[in-house]
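Notes for the one structure printed next.
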Amino acid sequence: MALLKVDDLTVTFGGTPALDKVSFAIGKGQRFGIIGESGSGKTMSALAIMGLLPEGATATGTLIFEDAALPEDEAARAKLRGKRIGMVFQEPMTSLDPLQKAGAQVAEAMILAGHTADVRTDVETLFREVGLEPAHAARYPHQLSGGQRQRVMIAQALAGKPDLLIADEPTSALDLITQRRIIDLIDRLCTERGMALMFISHDLRAVAALCTKIMVVRRGKVVEMGDKLDVLGHPKQDYTKLLLAAGRHRARTLMRAPIGADLLAVRNLTRRFRQPDVSIFEPRPPLLALDDVSFSIRAGESLALVGPSGSGKSTLARIIVGLDRATRGELEFDHQIYHGPDLPRAARRDISLVFQDPFGSFNPRLTIGESVSEPLRPEHGAEFDDLSKRMVEIVKAVGLSPDMLSRYPHEFSGGQRQRFAIARALVTRPRLVVLDEPVSALDVSVRGEVLVLLNRLRADFGLTFLVISHDLDMVRIVADRVMVMDKGKIVETGTPATLLEKPQAALTKELIAAALPDIGIVPVL
Amino acid sequence: MIWFTAQKLLGLIATLLVAAAIIFVALDLLPGDPARFILGINATPDSVAALQQQLGLDRPPLERFVGWIGGMFSGNFGVSYSQGVPVGELIAGRLAVTLPLTILAMILSTIVGLPLGILAARKRGSVADTGLMLLAQLGVAVPNFWFGMLLVLLFAVTLHWLPPGGFVPWYENPLGSIASLILPSLALALPQAAILARVMRTALVDVQGSDYIRAARAKGLTMSEAVWRHGVRNALLPVLTILGLQFAYLVAGTVIVENVFYLPGLGRLIFDAINARDLILVRSSIIILVLAVIATMFITDLCYAWADPRLRDRRGE
Amino acid sequence: ADAAPRTDLRIGLVLEPPALDPTAGAAAAIDEVVYQNVFEGLTRIDQNGAVQSALATSWDIAADNLTYTFHLAPNVTFHDGTSFDAEDVVYSFGRITAADSVNAQKGLYAVITDVKAVDAATVSITLAHPDGLFLFDIGRGDAVIVAPESEGTNATKPIGTGPFKFVNWQKGASLALEAYANYWGTKPTLTKVTYVFISDAGARVNALLSGDIDGINNTDASTLPLFANNPQFKVLVGSTEGETLLVQNNARKPFSELKVRQAIAHALDRKEIIAGASSGYGVPIGSHFPPHNPDYIDLTGTYPFDLDAAKTLLAEAGYPNGFEATIKLPPVPYATLGGQIIASELSKIGIKLTQVNVDWNQWIGDVFTNKDYDLTIISHVEPFDIGIYADPNYYFGYNDPDFQAIIKTLNETTDEAARKELLIAAQKRLAEQAVNGFLFELPQTGVWNAKLEGMWPNAPVEGVVLTGIHWVE
Amino acid sequence: MSTTDAGPQRPTWLQHPSLRIGVIATLLFLLLGFVSIVWTPYPIEAVNVSDAMKDFSLTHLLGTDHLGRDMLSLVMKGTLTSFIVAAIAVVIGALIGVPFGLAAAAWGGPAEWTILRVNDFLFAFPALIIAILITTLFGPSAINAMIAVGIFNIPVFARVARGGALSLKTLDYVAAARLAGLGGIEIARRHILPNITSLIIVQATIQLAMGILAEASLSYVGLGTQPPATSLGLMLKDAQTYALLRPSLAIIPGLTIIFIVVALNLAGDGLRDLLDPRLRRIGAARGAA
């Protein structure tokens, strides 16, 4: 019989529904996965079960936990939270009290659940269990990395030994390797404790790897629900099919521009950052974001740069485009030496950057057109209508219509914005385009299109790409050559084929291992 | 933390020196002659000259500036032109009134403002909330000298509970001294309490919507438990900054309130000294005021760093 | 009710004295605390402005009116116990007339050529020329007798021979005196007197109403109605030596024109000015002389309030449609209020006034010292100061040989009848010349607890003389 | 301070209670003030002592003051002066403070440090003292009040501008602009300023309210507006000795001040609520400043 039974759950915000008559059940020890694009109502369903819906949200429908309806009254509900149902939240960075040490926060959860015996040692064991060192208990949240925080959160959720663990996208904010570790952790704990799991994600593979039953939601409605093998094996709904298709992007064969001489050469590049001391007692040496990096990109080539979070990828990108200054070393862009901001004016238009986050990269108060045309402003020589002609051309090229230019950013979806971001990067007809995780902020469903677009543009305009990513599949598609970076050092270089099949460096191996198995294949965990 | 403190301290000293220079120059520009003012309109020119020479007004500015700064470090502020008494003494005497006054006002505003702010935030949208916030609006809007007059009319003139003003020296009767500070500090505290209540409310409202409160509830805390255990501490951080800033407003307020309640405070000292062109006195009094304010800001910064581990690690502004 | 009447007193003062040595500062507040209370002179002025004996019980004047011989009171001691004798007198006057003297009224005593102790109880003073006001002048606060031992510390810890001795001074708040046990003269009934300094007018009212102070000898006339019909208080309205004037810069066009001055005189409605600037208290004056003085004559009718006359005079003077001028106003109610009223009165004859409010320093600097002004309003509180009009360099800028002649003879005359004639002539001359706009004699407006008696209603000299004040049940 | 979390659809300003009340009331007072430029029931220079301190009546709706001037006319003119003084003070503060704040945020390092120090100093310097000093230089006048309060406003605006700029500085679109080759000033004008104007407007309304209070205080101690001109503060000063004889003389200007300040604050809070909650927080903290 079911541990949790949800019937016709509806959540509305002042009339607009976030969840619409959702019904599902989770059995004891069962692993239940929910997937769906951003904004589809995944989090709301979890919060509704926890009784933590934000103000202004009204929920209807029945929630039955062990044959008893979950109580409305806050106090009674609170008794269930933690002890019976634990939850891991989507935002590890903000979900811990910044003023309290990690250990104390976990201990609190324990005491609340009634385990008052010898909390200190229990916390230590729990920390070990989730893969933290006991020393971390004495740290404040801001002194922990994202992955570590997420582990603290999990420890917190487990402290009350709940029967049901709700994990709301516990990994989406983390880098590949950490992601995999957390997923493995959750998997292990569930098996060890025989805990039921409600796992929320928009990453098909994560769900596939963890869950036995899957529910697909879209715009607050259940699209499809059933056994993992059925849903993933032979989906009935088009939306599910689309998701699956996007999930496994197939490398498309592309005609590529001929590869020429060195366009950009990077020599012994080093970037140091002064970094705050953890405390008076733990002073930290300056952080080497880039440590003596040397490589070169040839004209027409597409070079991929992969590496775990914090390995220095963005820093390198920022220096190449001239946003940041190298502490040591130099760059050479067709025979012009520079070190970052001193990139010659003339060369500026030949190098452009596509930002990681399409939402932050447009000024909300300017029309898309104004933003996209911004790089053209300094060009005094060019004729006005010539410029406008170029705009139209480029906007068409990214597959959007010029009349959109007069609209404002908030009127566009993430995918569209990213296209405009690419348009802005290309409007000056650059030769080298640096793309910092161009798709990682986008929904799976649109990632594919953008990648295809990139490949096409590269062919049409004969561009040179430096693509930053930690998504190996993407690398397979777009890159001629792959560079693996770790802790500011380049640890390995090679063609996707060789490097991904026979990795040399430990990190590369780890990265590849971390990549979740392809959907369809039942994971051996 | 050490680095943080050191850097803040450096800032404090720098600010003070800037202040000293600006004040000295500004005051030297002032027209009017202390000697002439002391002797009045029937004095003969030679007696005026005699007095100027006695007061050392005829020495060059730079010499006087260096003398002043040097004196300050050795705690010697020079001798007042108009009163012929060591400036240090005068200021000390006045601080014995102004300091307790501001501190009392600060305490009052805090113990009134914060709880009300918390109450309003917890009962957000309720009648209590709206009522409190309307009161707060009024509190901010009432000119404190005007409010002071009302207080006197009620508590001194009509009810005879408290003195209408004046100050009983501490050494004579401490209780009396406190009594004579109650009404003034009330007048000072009202607007500050109102502001505090509003800031506290906003801060707590923001915190209540935060992820970690939600996470704390997920651990098994009820909303109010979560707010008390995790919310209030976090909400107090912005309030702390305001507390620091408030001191400046209180100090500014004293100048007026001391007039309404004829208290022998630093504000009135400056006021009268400027009218008597007793520059040497004005200069040092103002520096003391500035010092007081900056020092409070400094202390708040430290408290802030102490209360917020994140700030401790960040190297200050 | 308690049997014995109270013997303590709390008096309000508008301004706090900067220091307490009356021989080294002009501030009226100094005299209000110490004059005749802590310090005494050879003579003293009584509440009718007449000269009385003080430390000098009697004196003889030589026939040539140049040498005065003073016989000092016996067994007088200073508050520090040191005894008072002729040497102290010689020392005190020496200090006043010395080259490096910082006495505010040094000019008045310039006439003294020699002071010497005939014996321990006798002093003789010699003058350069006869001076009708000499006995009065040495009765002022500026000529009180100080002891060489304590002279240096009088500013903060005054030591005199008076009926009250200094106890303590809480700077900015209050100052306490107590009766001096070994006072040589008739002992006062009050034993403890506290002066409370309250500069804020509103606060003064509250202090009186709440009984924080028992009285104040001079406060804003505007608050009197509040106390006038309140049985707990008595309002004492008396006279001061302050002639309140609309001062005109006689050295400057157009005020150098007699007709213009006359026109202004015609345009001033004293009744309204007194009502508005002084809440109706204060006696109108027609010249620079106090009405309560026996030698006073009423000249208010010289140029009666008459706008038509004023207009015609202006026209004759060549200003048919008036002119513009600025009026600089010191920070006192009678000036700021009077300024507004006069501005609106003169506007009726086409004279547009720009009102400029200045603080005392600026007034002393711009108006009094640099004579850079058209008009100003000020009350001249010096007793017998009609002589200032004889000084062509005075800030009035009034240079009139005839008047100067009158004053010269006056100063050398000691015969009472003759002096009276001269004084009347002087008053007339000023009135006719309309040197200044003569507005009203500044009233002394005191408010006291109804149970208090013996306060001076008038202020012939600056000061609050405590000797007579006592409580009645 | 009313609305809850910004829901999916924000209320427009008309739906927002405190903003509506605040703005309308403010406009009414402004109207009252500006009318007085062209018309007042009686000229306030016209002293007529004979009918001083008259009671409310049809001829004098709010009675007359101690010089027989019509109170209504005085309130109208007084409101105007108070507004003008406060407004100019705000302009001074914003025109100097904002650029400094932006500069501090843009340059960082020693420049920022210095600016912050000067800020602290200005802040530690009570407006009243500034006013006293200026007065001793140029004599008391409404102008001094403006300058004094204006100087006092500078650090406030500098802080706000800096805070806002810092939060925007790291955004990608600013980086994008730099890549596009825009200069610092250009970026500030095109990307930073437009995004912090809302913040600054909110601050301005708050400072306006404080300015009106400050003007009142200054005039009350005789350092502000001077007769024959008048301001609400000056009216309070004049009334202080008559307060008990004829309370209306003190109550009318007092209440007017309170109403105006409340109106302005309501408007400010309302605006803040309408804006991005992120800005709301910063604004709230400044609420005290």
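For reference, chains read A, B, C and D in written order, and residue numbers begin at 1 within each chain.
The definition used in the following text is that contacts are C-beta pairs under 8 Å (C-beta built on N, C-alpha and C of every residue); 3 or more make two chains touch, one makes a residue touch a chain.
Since we're looking at a predicted model, the values are computed, not measured.
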Chain pair, A-B or C-D, that carries the greater number of C-beta contacts: A-B
Distance from the mean Cα position of subunit B to that of subunit A, given in whole angstrom: 50
Approximate Å spacing (C-alpha centroids) for the pair subunit C, subunit D: 45
Approximate Å spacing (C-alpha centroids) for the pair subunit A, subunit C: 88
Centroid distance [mean C-alpha coordinates] between subunit D and subunit B, Å: 21
Contacts with 2+ other chains: residues of subunit C: 200, 202, 209, 359, 361-362
Junction residues of subunit D, two or more chains touched: 4-5, 136, 240, 243-244
Touching two or more other chains - residues of subunit B: 31-32, 149, 153, 209, 259, 277
Complete list of chain pairs which touch one another: A-B, A-D, B-C, B-D, C-D
Parts of subunit A lying in touch with subunit D, wherever the complex brings them together: 13-14, 16, 54-56, 318, 321-323, 345, 348-349, 352-353, 355-357, 360-366, 371, 374-375, 377-378, 424
Subunit B partner contacts - residues on subunit C that touch it in the complex: 16, 18-19, 25-27, 99-107, 155-156, 170-174, 196-200, 202-203, 206-207, 209-212, 359-362, 364-365, 368-369, 382
Of subunit B, residues touching subunit D in the complex: 11, 14-15, 18-19, 22, 26-27, 29-32, 124-125, 130, 133, 136-138, 140-146, 149, 153, 195-196, 198-199, 201-203, 206, 209, 238, 241-242, 245-246, 248-249, 251-252, 255-256, 259, 267, 270-271, 274, 277, 286, 289-290, 293-294, 297, 317
Footprint of subunit A on subunit D - complex, ascending: 4-5, 7-9, 171-173, 175-182, 190-191, 194-195
Partner subunit C, residues of subunit D touching it in the complex: 45-47, 49-50, 52, 66-68, 135-136, 139-141, 222, 226-228, 240-245
